[in-house]
Amino acid sequence: MDFKYEDFKDKVYNIIFGTDTLAGKAFDIMLIVTILGNSILVIAESVDKIRNDYSLMLQGLGMFFLIVFSIEYVLRLMVVRKKTAYLFSFFGIIDFLAIIPVYLGFIIPQIRFLVVIRIFRLLRLFAIFKMGRYIDESSQLLRALKASRPKITVFLFTILFIIVLVGSLMYIIEGPENGFVNIPESMYWAIVTVSTVGYGDISPQTPIGKLLSSMLMIIAYGILAVPTGIISHELANTSKGEKITKVCKNCATYAHAAEDKYCARCGSYLEL
Amino acid sequence: MDFKYEDFKDKVYNIIFGTDTLAGKAFDIMLIVTILGNSILVIAESVDKIRNDYSLMLQGLGMFFLIVFSIEYVLRLMVVRKKTAYLFSFFGIIDFLAIIPVYLGFIIPQIRFLVVIRIFRLLRLFAIFKMGRYIDESSQLLRALKASRPKITVFLFTILFIIVLVGSLMYIIEGPENGFVNIPESMYWAIVTVSTVGYGDISPQTPIGKLLSSMLMIIAYGILAVPTGIISHELANTSKGEKITKVCKNCATYAHAAEDKYCARCGSYLEL
Amino acid sequence: MDFKYEDFKDKVYNIIFGTDTLAGKAFDIMLIVTILGNSILVIAESVDKIRNDYSLMLQGLGMFFLIVFSIEYVLRLMVVRKKTAYLFSFFGIIDFLAIIPVYLGFIIPQIRFLVVIRIFRLLRLFAIFKMGRYIDESSQLLRALKASRPKITVFLFTILFIIVLVGSLMYIIEGPENGFVNIPESMYWAIVTVSTVGYGDISPQTPIGKLLSSMLMIIAYGILAVPTGIISHELANTSKGEKITKVCKNCATYAHAAEDKYCARCGSYLEL
Amino acid sequence: MDFKYEDFKDKVYNIIFGTDTLAGKAFDIMLIVTILGNSILVIAESVDKIRNDYSLMLQGLGMFFLIVFSIEYVLRLMVVRKKTAYLFSFFGIIDFLAIIPVYLGFIIPQIRFLVVIRIFRLLRLFAIFKMGRYIDESSQLLRALKASRPKITVFLFTILFIIVLVGSLMYIIEGPENGFVNIPESMYWAIVTVSTVGYGDISPQTPIGKLLSSMLMIIAYGILAVPTGIISHELANTSKGEKITKVCKNCATYAHAAEDKYCARCGSYLEL
């Protein structure tokens, strides 16, 4: 029995990229478990106490995950047919970004934490479990968002205008001595206020400053209402579907669905 | 006249579990007054000044409530027919959780305050006063929430993604010296920001951190709009009066309107 | 020419209570100017610097307003026919509450500021300027709010449950040493958090407390969506009006408006 | 070849005010680049570090922009036909406000930053790039806002009432010793709270104050829902595709749908 490299490559390809065969599914599930484990490891590693107490174990696990993901990446590169297409595909970039921080982390330790980018690969979950319904729903949400893009663009520009203007005014009114150190800082304050987050790290001190921010807050009130209005309106539009499609010629009743063949009130045949 | 234990058990059962007889109603109202009194007692007890000034009275009342609820629980257990079913039912668990903290409180004093769990029993109010309208409304709200579950799941996953990503990035950018002690703490900050709560206990200090949080806030703006849009859309749907009212016996198609007489698909007569 | 007390009383009544005659309108406008002036006076008086610098002028004006409102109140009482009905009417109570704090203010100075209650009398503006449109709109808003009362009651009870529960849990988890001094204080924190106000005067310090508040915030997110959904849904309901009202018997086209008389597509007469 | 001043004026007019010719477009794009550059310069100039490090370059650029905008303003004034109409038009005022702060800035340095007002001129972008779609969308948003003006006015007055009342009450309850220095300051706190911004620079300290603010927050919850509800409702109304498409020449009734052929009120034929 001779070993055929091409056959082997095909097999590996089906396991790694496929989601239909049992082996492919098993591989993907293992991968997801690994990714989740790795994400939790990275998050846990950032906690001082855990890092100090379990330093050896964490280093071991980190090394293990690095090897696993490196092998996986090399395998993917080997078996994939259109190498450049994969390299610059969404998942190709994610896969690359998921490994590179670990290597760079040997030089600049903080970069290591960028490994959490790997969680983007969890999007594969949708493909694996054929969660069609959720994809449907998210595509409906995306469609609603896309349909309201021009409105939201107008809205974002209005916000940006308000932020630049109010930010500059507050810098002039309050000045560096009250925490509005410069215009960018003032604009940061304006965003914190308009979004109603309100940390309180910077807050107006002078009466005029307080008056202006009060006005900004009341305007923010009305502004907050706009995107919500837009999105709930678009959601209603994208999921309507229940339009009057046919009208019964006998009794003038309208039919809801395109596939209705008989009138619901008099039972006569509905022509197109 | 001979005493029949079974008759007595039945009588007690009707009083304790029933809500239709006068005695049952009176019992339930007394119980609710007791629960409310007990909840207020627990809340009041947590206030230092009150605890010190009325310590004897509070201890007395606490003992009284403990005895009342213990007797009630033992009675319930005695008269209920399906004992295990009750033990693991919603109210069974609530009833158990409502007593146990008091006993455990003798060992670990803080646990005592868990007694507030008892307020869940106030849900019985709905059953007692036959507040059908409110149940209708809440079931409509629940239906709207249930109908929008896939959309809300998608939404929550998006939020989680954003929180993990932004949390990790902020940990790298700001670091422990600016209050972002570790990634979980950073994620807590991200949640506080995205939800527009903004305590200000942690807030970005570096220019890049401020820029990233500004972007997060503006995104949060748009994100906040999504669940509102979803729910107002679903509320409109669930209460449109478009319920399935009749089903065609010939082809199993459902009819939208109550006045539909013929099946819209096969034209056969719809019986009631 | 003899002076008739009854005639005089009628005349004064028309001026004070009426809004149709020129004299009545002039009186009302003068009254509103007085109320606004008085409100601004009270607000200005609370500012230390102004009180110290203009103390004599403020006292003089305060006395002037006191006399004006006292005379007005006495006159109203004198000329009104149904005295007790007026005394306990909305405006009767407001008028009373608008004077009494000034008199009580001689005893307890702080009470004096309650005079701002007088601004409620500005509601008369609506009556004077016949701002029908605004009354229409506000009654539509009120109708929408009233229609959604059962839903909002359910909603408020849910919020209350969450606040009592989370408040008690946080008191147990965080304890007095982290600012959660007692359960009422903890409940105050829960309200500040759920409403996304987030002062930051109390904020969780322990990891478990932070986890629980994170969950509370994400839930608050969804909860905030509910009243908005309810109100926009009800607003849509109360102002619909655009239902299909008639159908053309000739071509089966439906008419939007009740007053349409001819079919918009084929021009034939629309029977009722 | 003789030079005609009128011809030259016309040419310059077309370049400066026109957006149709190539030269006019090029001028506008150059202008926008200059405005953006100038805005960024002003924002950058406010940052201490940048001002100190690049002081000479910033001064040079500032002088350059001053000369450019001054020349442009003088040219505009020279070539425009209706001079006073331009001076008091929206863009005329903006153009004036965009230069004057720089000159005044030589006297009072802080005023210089008002130059950011110039960004309003970016609104010309819409005209230049014929961004009809965005103008459509913004006019739809504006129409929705305009249609809901009476409702929003009612809403704003309600808010104002609540702010004055709660502000005064909190001043009486908390007093200057807890940060509620005077009624205007208390009203500022009320706005910060109602808008859910919650800086935390002022927050209630007494139990009664905390109770009152808790109530305010829960009310704010419901209030926040109103403008959103109004706007999403109006958006749905204004964009229902129910635009006036044809008007009956016989009875001046408008037709809703483009395919309507006969007037719904008088039955006469609708011409295009």
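Per-chain residue numbering starts at 1, and chain names A, B, C and D are given in the order in which the chains are listed.
We take it that a contact is a pair of C-beta atoms (placed from the backbone, for glycine too) under 8 Å apart; a residue touches a chain by one contact, two chains touch by 3 or more.
Note that this is a predicted model, so its numbers are computed, not measured.
The pairing of subunit B with subunit C is characterised as different-residue: of all residue numbers used at this interface, under half are used by both copies.
Between the CA-based centres of subunit B and subunit C the separation comes to 31 Å, rounded to the whole angstrom. Work out the mean CA point of subunit A and of subunit B, and you get 29 Å between them. Residues of subunit B in contact with at least two other chains: 184, 187, 196-200, 224, 228-230, 232-233, 236. Taken pairwise by the contact criterion, the protein chains are fully connected, each one touching every other.
Across the interface of their complex, subunit B is touched by residues 39, 42-43, 46-48, 110-111, 113-114, 116-117, 119-120, 133-134, 136-138, 140-141, 144, 152, 156, 159, 184-185, 187-188, 191-192, 195-201, 224, 227-228, 230-236, 239, 242, 255-257, 259-269 of subunit A.
Remark: subunit D residues 196-200, 228-229, 232 touch subunit B in the complex. On the subunit C side of its complex with subunit B, the touching residues are 150-151, 153-155, 161, 164-165, 168, 171-172, 175-176, 181-184, 186-187, 193, 196-200, 203, 207, 210-211, 213-214, 217-218, 220-222, 224-226, 228-230, 232-233, 236.
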